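A, B, C and D label the chains in the order they appear, each numbered from 1.
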Amino acid sequence: MPFDPNDIMKDRITDIGPPKYDNFFPPYIKENYGKWKYHEILEPGVLVHVAETGAEVYTVRTGAPRLMSVDYIREVCEIADKHCGGYVRWTTRNNIEFMVDDKSKLQPLIDDLRSRGNWFPMGGTGASVTNIVHTQGWVHCHTPAIDASGIVKSVMDELFDYFGSHKLPAQVRISLACCLNMCGAVHCSDIAILGVHRKPPFVEHDRVQNVCEIPLVIAACPTAAIKPKKVGDRKSVEINQNRCMFCGNCYTMCPALPIADGDGDGIALWVGGKVSNSRTAPKFSKLAVPYIPNEPPRWPTVVQTIKKIVEVYASDARRYERIGEWIERIGWERFFEKTGLEFRHEHIDDYRLAMTTWRTTTQFKF
Amino acid sequence: MPFDPNDIMKDRITDIGPPKYDNFFPPYIKENYGKWKYHEILEPGVLVHVAETGAEVYTVRTGAPRLMSVDYIREVCEIADKHCGGYVRWTTRNNIEFMVDDKSKLQPLIDDLRSRGNWFPMGGTGASVTNIVHTQGWVHCHTPAIDASGIVKSVMDELFDYFGSHKLPAQVRISLACCLNMCGAVHCSDIAILGVHRKPPFVEHDRVQNVCEIPLVIAACPTAAIKPKKVGDRKSVEINQNRCMFCGNCYTMCPALPIADGDGDGIALWVGGKVSNSRTAPKFSKLAVPYIPNEPPRWPTVVQTIKKIVEVYASDARRYERIGEWIERIGWERFFEKTGLEFRHEHIDDYRLAMTTWRTTTQFKF
Amino acid sequence: MALKHKTPMLEELEKGPWPSFVADIRRMAARKPMCEDLLGLLELSYEQKEGHWKHGGIVGVFGYGGGVIGRYCDRPDLFPNVAHFHTLRVNQPASKFYSTEQLRKICDMWEEKGSGLTNMHGSTGDMVLLGTTTDQLEPVFYHLTHELGMDLGGSGSNLRTPSCCIGKARCEWSCLDTQEITYDLTMTYQDELHRPMFPYKFKFKTSGCPNDCVAAIARADCSIIGTWRDKIRIDQEAVRAYAAGELVPNGGSHGTAKRALDIQKEVVDLCPTGCMEWDGKTLKIWDEDCTRCMHCINVMPRALRPGQDTGATILFGAKAPILEGAQLSSVVIPFMKMEPPYDEFKELIEKVWDWWMENGKNRERLGELIQRFGMKAFLEAIEVQPDPRMIKTPRYNPYIFYDPADVPGGWEHDPKAFRERHHA
Amino acid sequence: MALKHKTPMLEELEKGPWPSFVADIRRMAARKPMCEDLLGLLELSYEQKEGHWKHGGIVGVFGYGGGVIGRYCDRPDLFPNVAHFHTLRVNQPASKFYSTEQLRKICDMWEEKGSGLTNMHGSTGDMVLLGTTTDQLEPVFYHLTHELGMDLGGSGSNLRTPSCCIGKARCEWSCLDTQEITYDLTMTYQDELHRPMFPYKFKFKTSGCPNDCVAAIARADCSIIGTWRDKIRIDQEAVRAYAAGELVPNGGSHGTAKRALDIQKEVVDLCPTGCMEWDGKTLKIWDEDCTRCMHCINVMPRALRPGQDTGATILFGAKAPILEGAQLSSVVIPFMKMEPPYDEFKELIEKVWDWWMENGKNRERLGELIQRFGMKAFLEAIEVQPDPRMIKTPRYNPYIFYDPADVPGGWEHDPKAFRERHHA
């Protein structure tokens, strides 16, 4: 029964949910489910997991652009068919994992991947820079202050060597979100790239009443900067620019409050967040650089600043120390000194919990 | 020229400030000012300081009730005249320090102090419980929920042995404030005793307009619980009891809003604060027991609860660990377990910075 | 192949060792005008440093309130093929294993009915089908449900697509059946997922252990994280083998060469609770002080393993910054056994939702409501007792909202008696 | 001696080893009816568990706006001798040394003109003369200024009596002339101290080193805390003597018996920055990493001493909870040399006051104003550059108030050009 555009209710199926996960488990995964005993990384991008049954699974992890065409996926399928019995998976950070159940199948798989130009770089395991979790940017969203995929590509090109090696003191997780909505959940990353606006929205008074629900717009502003205002005989709003911190939330609620501005928008960099509970508790990322302009197509300043941070960290931190743990040990005064980043007024918090971030001790380094 | 009540401006002297401090320095203090080299505690309550010049000063510290009569001070003077060349000082925690410049003068001084019943107990040095910083209570203030001096006396009687010994892992600084104004600055003490109200003020509508400035009263409320209200033809206020957290600030501004209530008022205990920058940064005291009723004249529950905390700490903490440092090491879950104190909803913060006090990690002890 | 639009800036992104999304899109552009116009539009954004997409408007499939993000270009005059460019979020199989058969079917369908571009995967976990026109939404949905056995994921004020780490499928540390939990919740709450009924979005994420490989604690209104209540399992032989340099520390994370592990320095001294002792022969763990941070296990995977009395720590409230600032999830249930059909967990969640739906303002995430009403109100509503494991520290402000039920006479004073005792 | 009022409860407080304020007051009560009534009133409070004092009203000495706390009893019918019971705050000599001559004069005066009861001292630092009648205020003040060379301290919305630790007078660690600073500020700002002109109270406290024996960081709007910029002075011989058990660790704080100090465990491992090394012979301190916490110096006072390039860290904003919750002071000037006449410091303080007076609401402490306006506004007003030493961590929320001066075109958009680029 093919789809009938004139009767969409015909044979309609709803609420079936996703396919059950184990439909797509390779047989050796199904058999050893819950029986894994230990793992080891054999080389960057290559893992072996050994089960209590003695079974082994070899995983090759490759970096992927995330924004990918069906052609790319078909190439993935081709590889998986050839080496992996027709199964493949994606990781939580958008890498691809090709698995084989026998050591003999590993090298052919690796050779095949390496033969395909730069489409399937191996890495992302252990103390590396793995794939950058990111968002839509100028490819799809309506609120971005920056592009996503282009910046990710530029940064990964520069840090490529750290993707396919274990040279860092610990994992470095980089994320990107193109606006303060933070779909990339950049708020807990070792390094976070965040798109920021720097001009309050302007108000298109002739449109507001038609395209927006004014009470929702007013409620959307975290700092209560928006008030209703009559302009002529139209209902509109007024923005107290002094209270605006450019979050764009009002624009999300109301297209008649455009906030994007090519010259004002750009990037803020954040450092020192983490998610795992290993050693230290999960942490938020903290502001490192308040603003870098958008520099398409290769965003050189952002790229070089991140590289600098990673390199200073690599040379200064102790093994196992995530960036945030390293900074907590050496102190923020030393972080700014060692990286050469400027400490500015923007670094000092002035939002709701600001007080908890001030230094209420005489302990600091000169 | 004696004082002339009919002409108070005659020969009036103002703004002379306090006597210059060194008017009252004993000669050996003046001579060795800034030249001290090291110190040592010879026994609880007895210190020697040695100067680069070789000079020595022996200090005997005695506990004092702080609320003291001129008779008491005269007895202090008598001792100081007899042994200390007519000088004496008070510490920042209301102990008294008798100093002599020669070892031979020390024992006679100590013997004299010991001969005077329980007026001049020696101690308060090193890893002891020193004097309790406190406030006015029912002796003088208008907002207290508790007495001050009587509770201090009851607690010090019970912990007396810790005053005159060095048996604790570190200093234990106890403070008391009789209301949330916290004149005793109890917010950073190892153990803090705090007077709390638990009923919202009642409003004497017939008095408010006469004795209070209504806008100031409204502004005084931290939770914006107070609104203006007309009662008959009088201006008054209305209190949203659900928003009241019993701080008494409105009563300070307006006597027509009495808050004291013999049955509702009582004591909250706090633990783990510190002021020094030694090892760890200064810390706030955290809630240990939300409420203990007033039990004059000897406040047995408060006294025993504090004793319990001190004893568990004494037996469990490592040397140098202040109470707060100990708790941070073992975890709050263990603190409540070991002390047997009940963990209740009041312990979970719900004021402005509440979010920063929640446990945002899977790290905890079962 | 020459494209309709000049894209000199984007071409710069075809260089370099990392796989290029531009090169990939360009190869599609040869046969898909949508991709061609997308590149042109993107080049314009690169020139102007501004995005060119408008708000979504309400598009979707019939009977569902989510799963589709509407998108219109603001320069249809220049790029008519992306005038409409809606996204479908397709609920991924838990932990993202696929058969190539399934993937190829999806590709074929999407090349035919959409742009042929995807995100593998979206940040929430969905397979994202990026860009199609309004008239294709129903056909895609029909195809998904009829041919592929797939369904849409969440968007809008509903349950969002749950996701999880790989868990027991390939990880030795998983204390939970992460996939099973994810699948069960997804199936049980299909209605919540497809028909917005909440004040705002709600996310579940499940990690098998405190390493939290799906970042649940940072990104889920309800974070389910595996843990154990008994002792870490120790193989003392293997510990000694690490010390002797016979095993690769940290499973090779810091280099795959063997080297003698300095157990004191790299394990014992980094244990956050200081609950380990190593005398050169035997590793002692005082498990009652262990906070199950995973560090020692991570460093010596062949010697140490999580305990066997496993379950989950349940935390609530994580979210991104809008409105009140970002939050991490907070511990609410220190430990819960997680076994199908997860009744205890579901009862809890339903109480959470009831409270949130009753009290939450429009666009107020659960975490923000807990902030606004206080943890006490939340715990009371979900009938959970306060526990010190819920807090980092007890309150340090004295602004306590005492319960009037605990106070003799409640909130009432006797003003007359008061004024008899105290003359004004 | 039998008193007018029965005080069975208070008598319980005459028992026990700690000096009894009740026994002390009772001996005065024999000759002072004020003390007798005070005991009676206090007994009534003990019975009713409520205080019996009313608000102060405006009492004071002519020309001063502070220094006196008015107090009236709410049962003058029962206790007429404490119907008025005002307190005078007398500015103590810095660090509270006295000659007995001076003390005796004060006692005689106060026995004659007041209750004969005192607090030695008040929490702010004043000598507190507790309880007299309104008609005695001027005579007491006259006597203080004419006979005793003393003056009133602060109360109300003015500068409060500055106070300090014993500092160089008897402490080897003091990096500041704490008394001199306190005295100089007190004298320079007599007008601010006596005539309320601020939005609320303002306190200075000065400690000679980070041990902070006057609790400045917790209790002063401006906390002046001694520190040093160069290296800790080490006497290696003495370090070894501690290790060998020849010297008493921590100056005897943990027992006065000699014992071998485990320098690794008790000093090096407790150093918060891990900047020390001990090889059993020599103690190495990497001073550039030292945060001058004092721990190692406290533990080995005969081996380690603060450096010699001394000065103060200046912090602002500490206060008790009313209104916004308690605050500790925050670092604003990491290091300032402190030498008479303290011009640099006074210039700073006057800028701080100007800003606070201009912007502070009634009863808004400096710390709260900094919270409300933001640290940036404060630093700009006092012309101090941001420094990472001011913060524990940089902001973690993205709600940045960018300065329009840094943005091309400031806050202005060109709406028309925008709509040419982006069709609505």
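Assume a residue touches a chain if its C-beta (ideal position, glycine included) is under 8 Å from a C-beta of that chain, and two chains touch if they have at least 3 such contacts.
The structure displayed is predicted, hence computed values, not measured ones.
When the C-beta pairs in contact are tallied for B-D and for A-D, the bigger tally goes to B-D. Rounded to whole angstrom, the centroid-to-centroid distance between chain B and chain D, based on C-alpha atoms, equals 12 Å. Centre-to-centre separation between chain A and chain B, using Cα means, comes to 50 Å. Centre to centre, using the average C-alpha position, chain C and chain D are separated by 47 Å.
Among the residues of chain A, those in touch with two or more other chains are 180, 182, 187, 222, 247, 255, 261, 263, 277, 282, 284, 351-353, 355-356, 360-363. For chain D, the set of residues touching two or more other chains reads 48, 50, 52, 54, 210, 212, 217, 225, 272, 292-293, 321, 325-326, 328, 396-399, 422, 424.
Interchain contacts join each chain to each other chain, per the touch definition above. Chain A contributes residues 180, 182, 187, 194, 196, 198-200, 202, 204, 207, 222-223, 241, 245-247, 255, 258, 261, 263-264, 268, 270, 272-273, 284-288, 290-291, 329-333, 335-336, 343-366 to its touches with chain D in the complex.
Every residue of chain D that touches chain A in the complex is listed here, in rising order: 210, 212, 217, 225, 227, 229, 272-274, 288-293, 313, 315, 327-331, 334-335, 371, 374-376, 379-380, 386-404, 406-413, 415, 418, 422, 424. On the chain A side of its complex with chain B, the touching residues are 277, 281-282, 352-353, 355-356, 360-363.
In the complex of the two chains, the chain A residues touching chain C come out as 1, 3, 5, 8-9, 11-26, 29, 33-34, 36-43, 49, 57, 59, 63-74, 76-77, 80-81, 86-92, 94, 96, 99, 118-121, 125-127, 133-135, 137-144, 147, 149-150, 153-154, 156-157, 160, 163, 166, 171, 180-185, 187-188, 216, 219-220, 222, 247, 249, 255, 260-263, 265, 275-280, 282, 284, 294, 296-298, 319-320, 351-353. By the touch criterion stated above, chain D contacts chain C in their complex at residues 48, 50, 52, 54, 74-77, 321, 325-326, 396-399, 421-424.
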